[in-house]
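Shared chain: chain A. Partners: chain B in the first complex, chain C in the second.
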Partner chain A sequence: MLKYLRLFALFVKSSILMELEYRANFIAQGTLGTLYAGISVVTVLLVFSQTDRLGGWSLDQGLVVVGIFIAFDGLTESFIQPNIRKLIDGIRTGTFDFTLLKPVDSQFMTMFRYMRLNGLMDFAAGVVVIVIALSRLGLPVSALQVLTFLVTLVMAALIIYALQLMLATSAFWFVKVDNFTEAFRALYDTARYPVSAFRGLTRLTLTVIVPIAFMTTVPAQALLGMLDGALLAGSLAFGLGLTALSVALWRRALRSYSSASS
Partner chain B sequence: MSLVRKYASYAKASWAGMLEYRAQILLWMLGSAILVVMLMVWTGVSEDNGGQVGGFSTVDFTLYYMIGLIVRNLTAVWASWELDFAIREGTLSPQLLRPINPIHNHIAANWVEKSLRLAIVVPLAVLVIALTPGAATALASSATVGRIALAALAVFGAWVIVFFADYLIGMTAFWTSQTSAFIQGWYGLRVVLSGTAAPVQLFPAALQGALHWLPFRYMLSFPLEILLGKVDSPQVIEGLLIQAAWGLFFMALCAIVWRIAIRSYSAVGA
Partner chain C sequence: MPADVSVIDLAKHYRVHEKDAGLKGSLRAFFARRYRTVKAVDGVSFSLAPGERVGFLGPNGAGKTTTLKVLSGLLHPTSGEIQVLGHTPHRRESAFLRRFTLVMGQKQQLLWDLPAVETFLINKAVYEIPAEAYAQTLKELDDLLELGPLLRKQVRKLSLGERMKCELAAALLHRPQVLLLDEPTIGLDVTMQVRIRDFIAEYNARHGATVILTSHYMADVTALCERVIVIDKGHLLYDGDFRSLAERLAPYKVVKLRLPHPALGERLADFGELVSNDGLNAVLRVPRARAGETAARLLGQIEVDDVTFEDPPVEDVIRDVFAGGLEARA
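Presenting the complex of A and B:
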């Protein structure tokens, strides 16, 4: 375990050094992230300019969802995307072999090797949106709310990580999957709104089939004290279940991996 | 005449390329899903408010976003990504040796790709409109022959603005390595301001005034407004003129920037 923590610290250090090398890129991508955060907020403000409630949520409650959406977008950009791109490239070109040769767990190596700092701008923007929304609401936030918020947030992160990793793992079978992450992106766009904004079958799909609801809506409900036991249980089930599934799929994929080179 | 023949052979080559990369194009098309998401959000809002918000009924939203889906795919362009790649990797150099401007290849490929996009998007739009009560009759009454003709003209005008603005952004790769950030930034602005996030008529009045003069509205929303009868005749004429002005502006800028860029271009690895 200590070895893995030390390795992780090394990964962070080398990623920071790399980022310092490409400063123009960092500034461009960071600005872009902030622009996209603004666009997310404006998109939701436009909807609320025509209505007081969106699926039963007020503007300030809805902004908590948007804030979580933006923050996760940043974390994905910083921690998940760089690794997934490297993995897909590695499988296609055969350089993934080198990952397998290292005397560390291959999934750890694949998931944490690369980090980009520019997503941290989005993350900060998302936190700012949440704080503004909370202060406008002026509600007291109890310790239980904070605790359930943190739990559902960790579960949401696990769900996002597991889903993306599973999409990327399919690269072992279908080599050309560069754009599978696009597919995730298209679905994730729905997480900008409270899931109750959608009706009938769509809402059901976004809750139980593709658990978008557990990424942003449920953590927001926890923070606002609107969470019930069933949702908390669902959050835990999806978070832990999908993580286990992604690990199983990863092991399965490794067994059927026969390098691209030679 | 010879340009027509060149286009024909470019189109043939692009057709083969498109069939090979059809899965790729399908995934690119997922970007259009945002229109479906916005349709669902807005129909929910309209149902919550007694079936109408800001003059848009549930049927209006359905027609707006489903025809918008078709217009968006008719005007979809990704030449900038390819141009950025060609400039950075130096594959532009052999293209420059040919006795024809590479932009013609991009235009031919773009038009060929529309067939595949339409084959997917049109049945989907027709299905959704047919399944929405009242949508088909509302469309039949608002889409007169004259409006269809004017809307078609406006779709072409929209494509001109989208294509040449996109190409212009792609050309920034001659001077910077951050072109992809520009492409994505421009795309983000379009999502909000062109009428994707919300129809332009639902924007606050002050913003509507600005959108009237900016190019974004004329890249998606304007042909839809014509077809659905949201603008009257003088507004249509004024809009078409503003659209034409923006189209010509981006075309001229493209021609000028291309000339400057080519003079100073020294390829990577050439």
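Presenting the complex of A and C:
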């Protein structure tokens, strides 16, 4: 465990060194990230300029969802996307070999080897949005709310991580899967709104089939004291279940690795 | 002494889809894939004693790289018993991964945008190399490869040869006992090839490491390996002493001549088999055993601007001999 923490720190350090190699790119990425976060907030403000409530959520409650959306978007951009891109590329060109040659868990090595700083701007922006929304609501937040918030948040992170990893893992069979990860992006965009803003079948799909609801809405509900036991159970089930599934799929995929070219 | 590497009846089959040329072929392949099984390696057996240096020869697609990849645990064998240092490679046990290395001339592990030493530090942590051992190994590799200032330059600014030296160092920091080297000198100029070769020989001598080497350059194999294993189309064709193979497979040398004027070309056929002649540049094959005598005679009788005597490329020789149906068996 200690070894893996130390490795993670080293990976982050080496990634930061790489980012600093290209100054102009670094600045451009940071600016774009902030802009993108701004757009997310504006979209939700626009929706609420037409209506007071969205799926039973007030503007400030809705902003908590947006804040979580932006923060996770930033973390994905920083910690997941760079690794997914390297993985898909590595499978196509065969440099994934080097990951398999190392005496370190290959899934860990694949998912945490690279990070980029650009998403950290979004992450910070997301946290700011949540704090502003909470202070405008002026509600007391109990210890239980904070605890369930953290639990559902960790589960949400696991769901996001596992889904993207599974999509990328399919590259072991299909090789070129850049569009699969685009599909995740498009689905994740719906997580910007509380899931109750959607009706009937769509809502059901976003809760049960593609667990978008558990990524942003459910953690927001936990923080706002709107969570019930069933949702908490669902969050745990999806978080742990999908993680286990992604590990199983990964193991299966390694058997299919064909190591391109010589 | 127990073998470091033991391969019994290894087979690796792939299922690949085929497609005809052109748009029509691509469309057909998109909708209705036809699959075919390729037997990349089919029933190969051999074993290596600790400290042995063995050359792996065979034309492109013979199954050399596939065999190395199975030995390193990257590929699961279709069938066969494979043991490397007492481990089954594809289980990828940590104790196994720590004791061997795979260097591929065509692929690099060095971080492109950072100095090589940053990759070294990551490998140090990945292999959990104690600080003292790391410093000692790095110093030794530095002495042997003359890495010096290269370590602090961004990898993208290094020449191909400099990068290969750093790749080798990165792959050897954990002091592996088995070295699998796949085309480690590919694309390098002759001086650098010799440097890399000398280094491999020195490393093997100092640490008694077992080395398997594949190369397009016969000289690599000549200089490094007493024993060679030849495979073609997934089958083992020869396993034994290099010297008898070289004579068997390449009984001639290639003479390349640059002539001052075209007329001289006519007379070249007297000295050996004329492979090509465009007037000013000619290529001859002369029997290996009479190479020296032929050289003396040639230079005495014909005015040349430049002449070189070379071994033909390994792949050419192997193809020639195999196409000629020469029996090559251990």
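Quick notes
The working rule: the second predicted complex is superposed on the first by the 261 of 262 C-alpha atoms of A that agree within 3 Å, B and C clash if a C-alpha of one lies under 4 Å from a C-alpha of the other, contacts with A are read in each partner's own complex, and residues count from 1 in each chain.
The rule we apply is simple: contacts are C-beta pairs under 8 Å (C-beta built on N, C-alpha and C of every residue); 3 or more make two chains touch, one makes a residue touch a chain.
Just so you know, these numbers come straight off a predicted model, no measurement behind them.
Counted by residues of chain A touched, the larger count belongs to B, out of chain B and chain C. Of the two partner chains placed by superposition, only chain B is touched by A:A183; chain C is not. By the document's definition of touching, of the two partners only chain C reaches A:V104; chain B does not. In the superposition on chain A, contact is made by A:A197 with chain B only, not with chain C. In the superposed model, A:A24 makes contact with chain B only, not with chain C. By the touch criterion stated above, A:L7 is placed in contact with chain C alone, chain B being left untouched.
With both structures placed on the common chain, the touch criterion links A:G94 to chain C but leaves chain B unconnected.
After overlaying the two complexes on the shared chain, residue contacts for A:V210 are found with neither chain B nor chain C. Look at A:Y257: by the touch rule set out above, it reaches chain C but stays clear of chain B. The intersection of chain A residues touching chain B with those touching chain C, taken from the two complexes, is empty. Chain A contributes residues 24-25, 28-29, 31-32, 35-36, 39, 42-43, 46-47, 49-51, 53-55, 176, 179-180, 182-183, 185-187, 189-190, 193, 197-199, 202 to its touches with chain B in the complex. Interface residues of chain C, counted against chain A in their complex, comprise 14, 64-65, 69, 72-76, 92, 94, 97-98, 101-102, 104, 106-109, 111, 113-114, 118, 121-122, 125-128, 154, 182-183. On the side of chain B, the complex with chain A involves touching residues 23-24, 27-28, 30-31, 33-34, 37, 40-45, 47-49, 53-54, 176-178, 181, 184-185, 188-189, 191-192, 197-198, 202-204.
On chain A, the positions that touch chain C within their shared complex are 3, 6-7, 10-11, 14, 17-18, 21-22, 93-95, 97-98, 100-104, 106, 255, 257-259, 261-262.
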